[in-house]
Structures are given as structure tokens and as C-alpha cells.
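Listed after this line are the structures, all set down as C-alpha cells.
The following pair of complexes shares a single chain, chain A, combined with chain B in the former and chain C in the latter.
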Partner chain A sequence: MVSTETAAPVKETSIWTAVSKAFLWSFLICLGIVVVYPLLWMAMNGFKNNVQIFGDPFALPTHWSWQNYVRAWNQGVRDYVVVSVLVTVASAICTVMISAWTAFGLTRSKLPGKPIVLIVVLGGLMLSPTVALIPLVKMFQALGLYNTFWALIILYTAFRVPFTTFLIRAYMLDLPSELDEAATMDGASEGQRFWRIILPMCRPIIASCIILHVLFSWNEYIFAMVFTSGTDMTTLPVGLTAIMAKHGTDYSVVFAAMTISALPIVIIFFATQRYFIRGLAEGIGK
Partner chain B sequence: MVGVALKQVKKSYGNHEVLHGIDLNIDPGEFIVFVGPSGCGKSTLLRVIAGLEEMTSGELRIGGRLMNDVPPAKRGIAMVFQSYALYPHMTVYDNMAFSMKIAREKKAKIDARVRQAAEILQLTPYLNRLPKALSGGQRQRVAIGRAIVRNSEVFLFDEPLSNLDAALRVATRIEVAKLKESLPDTTMIYVTHDQVEAMTLADRIVVLKDGCIEQVGTPEELYREPTNLFVAQFIGSPAMNLLAARIEETGPKTLIAYANGTRMQVPVLTPASAKGAAVDIGVRPEELRITEGEHIFEGVVDYAEYLGEVQLVYFKTEDEAHPFIAKLPGNVHVERGARLKLGADAESLHVFDVEGRAFRGLDGAGSEEAERASVAATILEK
Partner chain C sequence: MAISLIVLCWFVYYPIVDNFLISTTEEDIFTGEVLHVGLANYERLINDPVVWRALWNNFAYAGLSIVFQVFGAFVLAATIEGLASDRWRRFWRAVYFIPSAISITVSGLLFYFIYQPKIGLLNAALENIGLGFLIQPWLGSEQTAIYAIIAMSQWQGFGYSTLLFAVAIQKIPRELFDAAIMDGAGPIRRLWSLTFPLTREMTGLMVIVTITGAFQVFNEVMVMTGGGPNNSSQVLGTWLYQQGFIENNFGYGAAIAAVVFVVTLLTGIAQLWYTKRRRVQW
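And now, the complex of A and B:
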């Protein structure tokens, strides 16, 4: 008697747990489909021709041919990818290095007037790129940087430094100050403390910042369109619009080009997502 | 061998002074322990010696050399931190070698020194592990190893055992004592709030309170002859009991009368001016015994903690926060609610004036001081 009375609530609880789990799984699967399906659909249509795309847009390709991908690659995507990679890598390195040094200064040095410096740096978060566009064009033209890689590298760095500094600073605040003191006792200079102790310990947040920066600069459109004009200076987002204009009716090539442009981001994100989540959670959560 | 000398060392944070002019001479090769309650300034004092905090005024000399403006790394000291402060991304080997790598020493020399330190601390099998793969005790040994590798003449320990569990703390404490024996030329300064650590490790103990030194002495001196009420109650566990009394007769042997009417002659020197003064009589729990005759305390047992060999018996007092405690043999049967009389030898009693200063016995005072006090007491009585 006693045993049945105690068993009943356990059974009820397990049913509700199972039901809620089923709901959760269904919701997550639906969410996954909503996110992944458009990407798969886009990649799949890169294997079809126009007739198949319009005739049966949701069907699988009848034969798997890489022809559209090769055409897209040869008709400019290759050059756009090279430019995008160059600008993204250079600006990511600059952003992370400048931000990490700034965060180090703001958290682990005896810098006078730290709150003011912090306000100035974080104030950059409020600066809208669109508002600053015209003065920036004038400035870059005057400096002879217009239509150069440097224009994009400098702009991407400048506009991402505040947010990246904010993230790295939050992470560094959690690192115990005794590490700096131990390094100081060991004879390390401020630079050695940064390079050999603090920076290696910030790897999770640095990885997160790099991913966030890559997502931003890989997809950035306005600066890339305004500050560059020649085909040898075109990044992928601007290049894709050019391809769409050029092959406006050849959707299979456009889909192939879009898939190629999205692929690196998807691969990077999935390869580093554990790092990405850990870095962000550790930095702000504690 | 180098000693450490502090002269009128003060430290303030803004308007708040935390060290009020510390004067202290630490002999070469000495193991000295700073002890005191939280916030007494013991860690700050250690950090001032390390150079991690700048002193507001005063002088610090290590090996006779003025160190006020010398950066921490050049003071010839090594420090073991409370939280170990190991570099988590480096192996045990790299952690220990870091200071020598920074100093651009030759690889062979670094390797030899690290392996030698690892051998002393039995860390050789763990040299290639990261700190996260070590136990708390092993991490603490790495932190000590890092200090050994630096070949410093002064070691500073900032509560190094406080993160360890009780059993490991005892084991590591013994290791620290052995380490001191193996490095007799090294001066060691150790901060702790644990008086057992202080008593077992120290050549001399410095008791601090509110940024001032209360007493400096060997563990036995502090236990037997505390100079004031604070030291008397801080050293010894459970703390010393206090009883209100009055001085009836002064001199080399003082006659005191307890509130319960008991009179007792205590071998403590008091000046004639102290006659009739209210005093606190201090008696350690371990000096008390159950008696049927002349007693200094009578009370009702509140509860008893049986510890095997001994038992701590708590008696009810008017002040509930400070029960009267007796450490009695474990084989004595004590019932809760029982009324007991407790006595103690006159030699084990301490007498404190209203300001908490101890009257010293003729043996306890320095010979010159004792003689002067004895003469003064005699003259005053005449």
C-alpha cells in the first residue's frame, strides 16, 4: 500500500518529464530546420539548372554536377574570396590585438583615469557607421586610403574595437590578480605579463571575439561598397550583388556563389562553437 | 643569510591607515610568523615586504640594503600565494622555470634547478602535467617549488595552507617545517590566521592587531607570558578564560580576591599603587581541574565536547557569548547541568589591569626590569 502511494507521484513526474522533453526536442528540431533548411536549399539549388529551380524548387537535384560552382568560382567569386579573406584576417588580428591590450590596460595596470578611458572606448559602441560614412569618405580620400585594403581593415578594426574590448575586459576582470603579482615577483615586465600570462589565459574569449569579428567583416556591406570600387578590391558581399546583377537570370550560378560565400562562416562556426559559447559565458556570466 | 628590518613602516589607503608604524627585526635564517585576526594588517605587511604594496612611510631593509624603491623581482625574495597563483596554461615544469626563463638563464641551468626543486618536493613525476591535473597539496608544492627555483634568500608565505582540507593541511605543514630545515639559511616570513600553524612552525611569532604589533616572541613566550589580554586570548585554543577579581595586597606576590570570595596569592609583581584595583585573572582551560577545596570558579555545565583524550566543558556565564571553558581529562564523567567547582595553580594564573596589560611575574620579566619593579614595589609599600 505504502509502496503504491509512493510510486504514483514518481510515475507522474516521469510522464511529465518525458512530455516536456518531447516538446523541447520538437521545438529544437523545428528551430534547427528553420535555420538549416534555407542553407541546404540554397546549396542544393546550386546543383540544378534554372528549369529545375523554377519547375520543382524543393526537389533534390536530378544529377549532382559541380558545374555551377566552378562557373561561379571562375566568374569572380575566387577574387572576392581572396579579398574578403585578406581583409577579414588582417582586421581580425588588428582588432583582437588592440582590444586585448586595451582591456589589459583597463583591468591589470595602474593606468590613471581608467574610468574615463573606459567610457571613451565603450562610447565607440554608440557610434553608428552610417552616420560617420560621409566624414570617413572625405577623411580616407584625403589620406589616400580610399579604394585600398587598408580602408576596410582600418574601418573594420575601428568599429569592432569597442565591443571586442568590452568582451575581453569582462573576461580579464575574472582572472585573479595574484597571477599578475606572481609574474611580477618572477621578474616579468608588463609586456611579458601580457604576452606570456594573461593573453594565453584569454584564449576562449579571444576565439569568441575572432569568430564574432569574422562574422561581421565577412558579411559587411556598406563600408565595402562605399570605400572600394575596383573589381580587385571587391569583397564577397559586394561581389555577390555584382554577380546577381550580371547573372540576374542564371539563378543556379547565383545560388552556387552564395553557397561558396556562406561556407567558410558555417564551417568556422561549427568547428569552434564550443569555444565560442564557453568564451562568452565565462566572460560575462561569472 | 639575510635579515629583514622594518622601521616605522606605515601604510595607508587614502585616509585610512592600516599599518601604524611597524618596527620589527627579523634575524637571518629565522622562521617568523605573522598572526592575527582578519583585517589586522598581516597580509598587507607581507605585501609591503614583497613590494606588491608601496609603503606610505618608513624603511624596509633586506640584508641591510634599503628596499623602499626596489621592484619586487629585485628584492631577492620569493612568495607563495594563498591561491597558489600557478599559471594554468603552463606545465609544472614551465611554472617552476618561468622566473629563470624571464631572467634569460641558460637552459641547462634552468633544467638542473627545476629538477632539483622537483626532487626536494617529490614533484618529478608531475613535471609535464598542467596544474589542473594536480591535487590541492601538489599545487601548493609547485607554488613552493617555484619559490625554491628562484634561489631567494627570503621566502614569503601568504596563508599557503588555507585552501587545503584539514588532513592535507597537517601534512603540508609538516612539509613546510621540513623545507625550513633543509633551507636553514633562508629567512622565512609566514602569514596565517591559524595559531596552530603559527605555534608549530615559528621560531618567533608576531601578533598583530589593528595594524600594530601586540607582541613578538617565541611560541612558548606568547603562551606562557602574554604581555596583554589580546595576546593571551588569541594564543591558545580554546581561548583563555577571564575572571573578575581585585588586588588586596601588592608586591612580588600579589594577593587577589575573586568575586566569589576566594583569596589567592599569585606570583605576579604588582606596584603598591595597584592595591584595591580591579583586575582580570586569566586562566587557560587546560590549567583548570575539578576540586572540592579552594576554587576560583563555580558553575553549571552547559555542555561538553568529548574529544577522546580530553573533553571541553562549557559552563554557563552571565555573558553568553563567552562561556567559561575547562579542558578536562576524557575519563572524567561530566553531566550536563552538574554544578562543579574548578581550581587552578596560582603559578598558572595571569593578572591583567583594566587596560588589559599583564602584570608579570619575577621570572617572566626581564632580569633588569624585574629588579627595578621589585625595588619600586618595595619602596612604594614602605
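And now, the complex of A and C:
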């Protein structure tokens, strides 16, 4: 009697644990399917033709041909990719350099007025692109920069400097100050200290910043749509909607174009997950 | 430092000021003549039913995102972090994050197709599991369009906040969990009395970030419905675009932008206030 009384609750808990564990895993798996399946569906539809797309939406493509992908690539996607890469690389370099230099000034120099600069930079985090849209269009038209690469590069830089500076500054604050004090004693100039000592030490956070910036500018839509109207100035996100408008009935080409545009960023994410997560965590955690 | 000050003042701060100036004007599109109309654009704003609809949609966006992307993601993150194997934890975090890496344009277009009555996955799936009576043109109906868009946005965004919560949960010392288990606290009890209070800072930040984001929504609405049908899915961002750039009412568009500015500024100030408060100690 005694033994069954003590054994029963233990057995009950273990069944209970097993059930809840099974429930938990099926939940995680279902959610995983909800997340991944639409993306696989997108890639698969790129292999189908219209007849198959209008047939059973769950069916696999009957023959795997790259034809739609090739057509999407030739009918505009190639040009959009070139523009997107150009704008992304240029604005990433500008943003990171300006931000790193600003963060260096904020943490390592003895210039007066640092608190004001800090407020101006971090205050920029609160301001949204939407609010500035109409004045910016007028300004860029007046400057003659409307519908140029410069418009996007300048805007992506200006609106990302606050966030990027914020990340790099937090990292620089944690660096020991003895190193550059020693360098100053040895007669190193401010520029030398920045390039030779501080910047190399900030490599991990710089990597996070670059990845976050790439993610931002590769996917940015509202500025790209409003500030560029020529076909030779179209970035991928805007180009996709253009393909949609042009080939709206040829669904398979649209699906192929979407897949081509999503793939690089997913690959970059998996390849650089470590930095990605660190950047995100630092960005919001501090 | 100087260069970032110049860039920020010129391209970020000055336009905000300019936006308020533009909002008190009206421009004749044919003659280019600028008229100063005082607060007339704001008067029009108050009497514009679409503005109220858009504001409601933005609030719905914020509310539903808080439910799913903050509290849902928090529970999910705690669940994932409770798994025994580190490999599986990393696996689920990465899988759920994938949609966040993809552009809103791609996921917007993708869900445009998923919601399509003819070729779409959603109606076909409902049919297959015997819920055929739910079938409808999700984006084509005034009742469902905005909610279909919000649902897409949850699909895209929950992995991002789950990842952030996971990072916050990892910072909680393991010993606290071990002690709680020794004291006989079950998983739900641990979640509520331990994990939740100790990640409160992150939760507060996420709520604020989510509200700010919800008032800047533009892209997904633009791609999926363009604000339609019959303006039922307009948000402030798309209505501002429609007024300012399609109908060339720069002044009125700027007035709508001013509303977005006020809301995002208030949440921004709340964020500063929140981060300045003393952190939870352990």
C-alpha cells in the first residue's frame, strides 16, 4: 500500500511531463511550418508555370526548370540587384565611418559640447522617415539630387547614423582607456589613435553594424520608391513591385523574382548569425 | 563629430521643422504658387473620415502587435530557452527569425498571393481542413483587409522579438532557475514569477518600439492593398503618401505627417523615460 501511494504521483508527473513535452514540441514544429512553408511555396512556384499555379497550390512542380528564374533575372532583376548592391555598399561605408568617428569623438576626445552632440545624435533615433518625407522631396528637388543614387545614399546614411553611433559608442565605452592614453603619451595624433588602435578593437561591433545596415538598406522601400523614378535607378524592393505591375499575370516570373531577392539576405543571415544576434541584442538591450 | 552633426541637422532635423511649415501652406499645382492657409489643413484633418479610419488601423496594428510580438514572443522565447539542448534552442531561434530577414516587400507580395482567392494557399488550406465556410477574398473585403495585413506583419516580425527576448532571458543567472526548481516551482510559475519580472525592462522597451513601429507602417499596406478597398486599410503613412504624392496636396500630407510625428515623439520620450529608470537588479 505504502509503496503504491508514493509511486503513483511520481508516475503521474512523468506522464504529465511527457504530454506537455509532446504538446510543446508539436507547437514549435507547427509554428515552424507556418513560418517556413510559405517561403518554400514561393520558391517552388518559381519553378511552376501558370497552369500549375492555378491548379493545386500544394502540389510540387512537375518539372524543375530554371526558366522562370532566368527570365526574371533578365527582365529587370539583374539591374535592380546592381542598384541595390551599389546603394547598400556605399551607404554602409558612409554610415559606419561617420558613426565610428562620431562615437570616437563622443567617448575618446576632450572636445567641449559633447553632451549636446550626444543629444542630437540619440534624438535622431526618435525621428521617423515618414514624417520628413515631403520636406525631403522638396529639398532634394532643389538640390538637384532627386532621382540620383546620391539621394538614397545620403538618406540611408543620415537616418542610420544615430542607431549605428549608438551601438558603436556603447562598445567604445567598454574599451579600456589605458591603451589610447599610452598612445597619446607616445605622441600619436587623434587620427592615428582612431585608425590604429580604436577602430581595430571595435571590429566585432563594426561587423554587427554593417550587417544590420545591409539588412536595412537591402529591404528599404519608402525612400527608394519616392526618391527614384527612373528604371535605371530602381532598387530591388521597388523593382519587385514594378515586375508585379508589368508581369502581374505571369505569376511564376514574379515568384522567381521574389525568391531571387529574398535569397541573398537569408544566406547572409545564416552565415553571420552570431554578429547579427549580437548587434540586435546590443541595439535594444542598452 | 562635425560631419554627423551636419548630416543629421540637415537631413533629419531640418525636414521635421520644415514639415510643420509646409503643413500651414497649400500649393497650387499648376502655378506653383504657395498660399499660407494657417491651420486649415489641420481642420481638414479632423473632419477627414479616412484619417480617423487610418488612426484606428494604426492603433489596431499596435495593439495586435503587442499581443503577438511582445507577449506571444516572450512566452515563445521562454519556451525555447527552457529546452534542454542548446542546438535545438539555436535552431528554433534561427528558423523563426528567417521572415524578419526578408524584406517587407517580398513578404507583402508573398502574402498578397497567399490571400488570393484563386491561387492562394490560405483558402485552399481552409478548404482542406474543413473550414471552407471561412473562405473569403481576404484583401478584397473591407472588413478583413487590414487584419490580413496585420497578420502578415505578425508572421514577419515575431521571430525578431523572440530573438531579443531570448537574449534577455539568457542574461538571467541560471542559479535563480535552479533555486526555483528546488523550491518546487513549475514551469508556468517560473515564467510568471521569475522570467517575466526579470525581463521587464526588455518587455517595456519592446512595447514602446512596437507602438512606434505601428505608427510608421507603410510598406506592407502599400504593397498588399495600397490602402483599399475603399480606403478601409489606409494607415497614416499611406494616406500621407496618397495625399502628398498622388494627389499633390503637399500641405495636407505634411499635416498628416505632423500627427505621425507627435505620436512617435511621445512614444520616444516614453522610451527615454523608461530606460532611465533604475534597472531591475538581481
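By definition in this document, the second predicted complex is superposed on the first by the 241 of 286 C-alpha atoms of A that agree within 3 Å, B and C clash if a C-alpha of one lies under 4 Å from a C-alpha of the other, contacts with A are read in each partner's own complex, and residues count from 1 in each chain.
Quick note on the criterion: a contact is a pair of C-beta atoms (placed from the backbone, for glycine too) under 8 Å apart; a residue touches a chain by one contact, two chains touch by 3 or more.
Keep in mind it's a predicted model, so treat the numbers as computed, not measured.
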item	value
Clash-or-fit label for the pair chain B, chain C on chain A	fit
Touching partner for A:Ser99 - first (chain B), second (chain C), both, neither	second
First, second, both or neither for A:Ala188, with chain B first and chain C second	first
Contact breadth on chain A, by residue count: chain C or chain B	C
Partner chain(s) touched by A:Glu178 [first = chain B, second = chain C, both, neither]	first
Partner chain in contact with A:Val120 - chain B first, chain C second, else both or neither	second
Contacts of A:Pro200 with chain B and chain C, given as first, second, both or neither	first
Superposed arrangement (fit on chain A Cα atoms) - minimum chain B/chain C Cα distance in Å	23
Overlap of the chain B and chain C footprints on chain A, listed as residue numbers	none
Sites on chain C touched by chain A in the complex	1, 3-5, 7-16, 18-19, 22, 76, 79-80, 92, 94-99, 101-106, 109-111, 113-114, 118-121, 124, 128, 155, 159-160, 163-164, 167-168, 187, 202, 205-206, 209, 212, 215-216, 218-219, 222-223, 236-237, 240-241, 244-245, 250, 253-254, 257-258, 260-261, 264-265, 268-269, 271
Chain B-touching residues of chain A, taken from the complex the two chains share	176, 178-179, 181-188, 192, 196-197, 200-201, 203
Parts of chain B lying in touch with chain A, wherever the complex brings them together	50, 52, 71-74, 77-79, 81-83, 85-89, 98-99, 102-103, 146, 150
Residues of chain A that touch chain C when the two form their complex	20, 24, 27-28, 31-32, 34-36, 38-39, 41-42, 45, 53-54, 56-58, 98-99, 101-102, 105-106, 109, 111, 117, 120-121, 124-139, 154-155, 157-159, 161-162, 165, 215, 218-219, 221-222, 225-226, 236-238, 240-241, 244, 251, 254-255, 258, 261-262, 265-266, 268-270, 273, 277, 280-281, 284-285
